[in-house]
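Below: one structure in structure tokens.
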């Protein structure tokens, strides 16, 4: 049996100095198989982006991994020296970010940046890299790649820039592609195209995709599995079908109800009145939960039969 | 190592350790307390505080007369009777330093006061009326001002008008006042440019549009919304500019165009000591130079501390001259 | 026929309102460079009291410009904006005062909507014509389900949803009849979005507030508004009842917008439209370069506005398309 | 197109500045005739002097006459010596320009690497050290530093001549070393100021999304550094250009300390003698240098920034 493209077990990440460290990711466990598309869904501050940055070893100086382990393609990458990180990034795992307007270097042409990405691992030589760059641009659906590669980022639309970034990310054929809200800053029609492009790339190249979003409707359209995060913990995980059609955690249900959908009246209940404040170790969702009762003063573990797990005492 | 985390998640996580919005000034006392909380701010406060105290209390301090020519004590080295020694004319160097601080600090502070009020006025007005003739005219004027190499013009103008007092209407301006006015005016364009950029960004902010929808007038919006919001990044530069003002004053006095003798000034003392700088009477040229250095570094330290305290996001190197 | 403040006049209306911005920034440069870029090419529509109107379009479609014209933040460079039948450009200072008491604006909940140095209490107090009592402030906050403990807070001490609620409260201070909201939820998390939408709905219900919601999210607008106005490249391309537009879009651009709404499992394996040239078109239909149904005439003449049942559609092909919704009850 | 516009506006600014300068020299309460002719000159003599030089005409008339003679006879003649001001400037200007050029090169050589090192080691000891040193550098008055340098390197150690400039004829090396101390006296401040600026610009760029993109793709350190520097340079170039102009001001003071035969001597002599045409010419030349250096900085900035180039 092949090793998963990415496997996180009990990963914890904290920010801030040692004495005043604040844990923002608590014991996250997940796996992404080759060619599989996993979505992490949650609101801002839920720790979904931090999890991704931890995999990239790009937590910055303030953040660090304080527990658990990460394996990429079977290889332990929990703690790596800087030189090994350089080997890791781009070649084994690549990441695209939310805002394509700022993610490209304004001082260089897009072709040059793509070529730099291609040549940073297994340099095929300048000429070969340029022709490869044009092929990549064509592959991500950019017309007239030769002309486009000579242009600067400010001459391209947002959708086109995100395509260029995707081309750069897959330039060195990584095993895993992490996309952190890659469509949030784009217009809806462009958003649909970018999602379709990511889906096609995974299907044709076998790259595993970790897709981070706050929109459950969007990820349910094309991801195989979904993990819902809340306050640094996975509160529900399972196949997209299971989560979407039979959500178990009240937070997942809230996320599903919150997105307006044509043909369905908005179910917009006023926020639940704040229950008595929970103590240490209570369920994180306690104060927002309508179902909370005495059991919920103890945080539930992620549990369930089969592959559909949830962390709620009320879930069936 | 060099990574700077920018994603929303990570940023909110790091928020605990680093404030992202400038906190509002809660009075001068609060500001001083926060400055003293940083190491460089504390050093800066102590230096600037001691110098100001010395300058203000000079008449009441048990000092020799700074103008008294004690020819029998010419060029005495530092010692018990003359703390820092005497100069070529037998004047007490320590007393002259303390009295010289008055001119230096006053000129430094007042030039910046002029530059600041002018710069804020022009910057706020032109930023608020962006895209109108008001902005074009004001910025054009500032461009002309900014095309002036400050020091050369100061030298030339003082040269042209002479170092004597100048009658300006009912006012008789001593040379110090001329320098203050001149350097202050020349400080305006730099500050106005910065203020303009900041005011422009604020004027485009939605909360300003909201104020207009409430029917608030331009003046009210400029004074109660825009000005308070651009103040702290500008304030950061003030301290540094005071230091520059002090250096300019000392330089002008050094070449004889600044504070006129017999009034003691640090630059003037160095001019007197020029020939001695190469001899063994090292103290004559050392102390006034050190005094300038200390004063300027005090203000620069304060400036750095202000930057950390008031505006953690902007980290520019301050104005260069 | 003229209405003098007659009840027949719509509350708020735009009559071929357009806005062009000069390319040159300074008035001096404008003497030499007279080029302008159009942000809005002429929009006509009416808002009746009690309506919830949604204006949808992608970035650069002119929807925010339109919102600014409606509320008087900007003046049209062609056409007119009318309030109760009167042209805003003929307003006196007293008229503006009255207008501002009746029409207010909610900004995108981004970080610049509130002055970072003013407490909630101060920001709200300024919204009243007269300095309010603390009771009035508390009552205002209560309308947006916020407690008085927030009054002393500064914007950076509020969550995104709280900030947006304060923004709505600020607009409500003068008890307006019309609220125009520009992307009121786009800066917020989905779960908070729905709370803001619920609040706006509640205000509409309880105070018969007329709402104009500007958004890029057709899903949101469709679920929330009575009528929707779809904009593309500075033009209104389709207007009609929200349910009809969502169910049976008549304009090819609207069709694309509807198709792009994420719909969860139902949208699985849906094929996205292929990306098409994004070049702008001069003369002819603005959507022609991106349109998959285009015919030769689309490149030549501006499409006429065609009335299809309750809907207005600006498309050369519109008359020939079968409209099912029209025949359905 | 852009450049043409920029040149026109620069010329306009220069013209405006010359008007201000001209007006200032003519508005002084002291007639130059008093100074040239001495205290016991008669009223007739003064009138004749003023008439000769057109000083009794209206200000606009004087200005247009001055502008009209510029292309023919340059800046005219000195009131005092009667010598051609152009010749006088031709002797003194090269010295100052050379001093400023050496100063500028020293500044760049110091500020760029120090700023880079500080930015790349942000908040660790090399950064703290460089920041502390640069803070001290911007606090030292240049003329005092000059006195110290002379005492240490010229008088005590005898490495370089204490004052004056060794002509190029006596050898390249001797010529250069005679310029090092004055140049260093001016440069130290700018090394401090510009290294701080460089540090700030690099740190700003390091925080940009595209640097994160480059890192997340595993681009080599060298490449990332090139990405960073190219984006950090524009703000640096603009201030460096301005500094080049300002250095002329400090050069005037430092030249005095080192007794260099540059613009300083010309200007300060003219000032003590109230030689208004000379003052005017000197200040205008320095101002023109300042404007040109800003223009060049703008040009470089445009070349570095494709966004501006295409605008």
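Letters A, B, C and D mark the chains as written, and numbering starts fresh at 1 in each.
In the analysis below, a residue touches a chain if its C-beta (ideal position, glycine included) is under 8 Å from a C-beta of that chain, and two chains touch if they have at least 3 such contacts.
Every value quoted in this text rests on a predicted model; they were computed, and no experiment measured them.
Trainee: What's the minimum number of touch steps needed to get from chain C to chain D?
Mentor: Minimum number of steps from chain C to chain D: 2.
Trainee: Please list the single chain whose C-alpha centre lies closest to the global protein C-alpha centre.
Mentor: B
Trainee: Select, from B-D and A-D, the pair of chains that is joined by more C-beta pairs in contact.
Mentor: By number of C-beta pairs in contact, B-D is the larger.
Trainee: Calculate how many whole Å lie between the centre of chain B and the centre of chain D, each centre taken as the average of the chain's C-alpha atoms.
Mentor: 21
Trainee: Compute the distance, rounded to whole Å, between the mean C-alpha positions of chain A and chain B.
Mentor: Centres of chain A and chain B (C-alpha means) sit 50 Å apart.
Trainee: Compute the distance, rounded to whole Å, between the mean C-alpha positions of chain B and chain C.
Mentor: That gives a centre separation of 49 Å.
Trainee: Touching at least two other chains at once: which residues of chain A meet that condition?
Mentor: 44, 58, 97
Trainee: Going through chain B residue by residue, note those that touch at least 2 other chains and give them in order.
Mentor: As it turns out, chain B has residues touching two or more other chains at 3-4.
Trainee: What parts of chain D, by residue number, touch at least two of the other chains?
Mentor: Residues 209, 212, 215 of chain D each touch two or more of the other chains.
Trainee: Would you pull the chain A residues touching chain D in the complex into a rising list?
Mentor: 56, 58, 86-91, 94-95, 97, 99, 102-108, 116-117, 120-121, 152, 154-155, 165, 168-169, 171-172
Trainee: Enumerate the contact residues on chain B facing chain C in the complex.
Mentor: Answer in residue numbers: 20-22, 24, 130-133, 135-136, 205-207, 209-216, 225, 228-229.
Trainee: Spell out the part of chain C that touches chain A in their complex, as residue ranges.
Mentor: My answer: residues 58-59, 145, 160, 189-195, 197-198, 201, 216-220, 222-224, 246-247, 256-265, 267-268, 270-275, 277-278.
Trainee: Which of the residues in chain D end up touching chain A in this complex?
Mentor: 208-210, 212-221, 223, 227, 230-231, 304-307, 310
Trainee: Looking at the complex, which residues from chain B come into contact with chain D?
Mentor: Result: residues 2-4, 6, 143-144, 147-153, 155-157, 159-162, 166-167, 243, 247, 250-251, 254-255, 257, 267, 270, 273-274, 277-278, 282, 285, 288-289, 292-293, 296-297, 300-301, 304, 315-318, 320-321 of chain B touch chain D.
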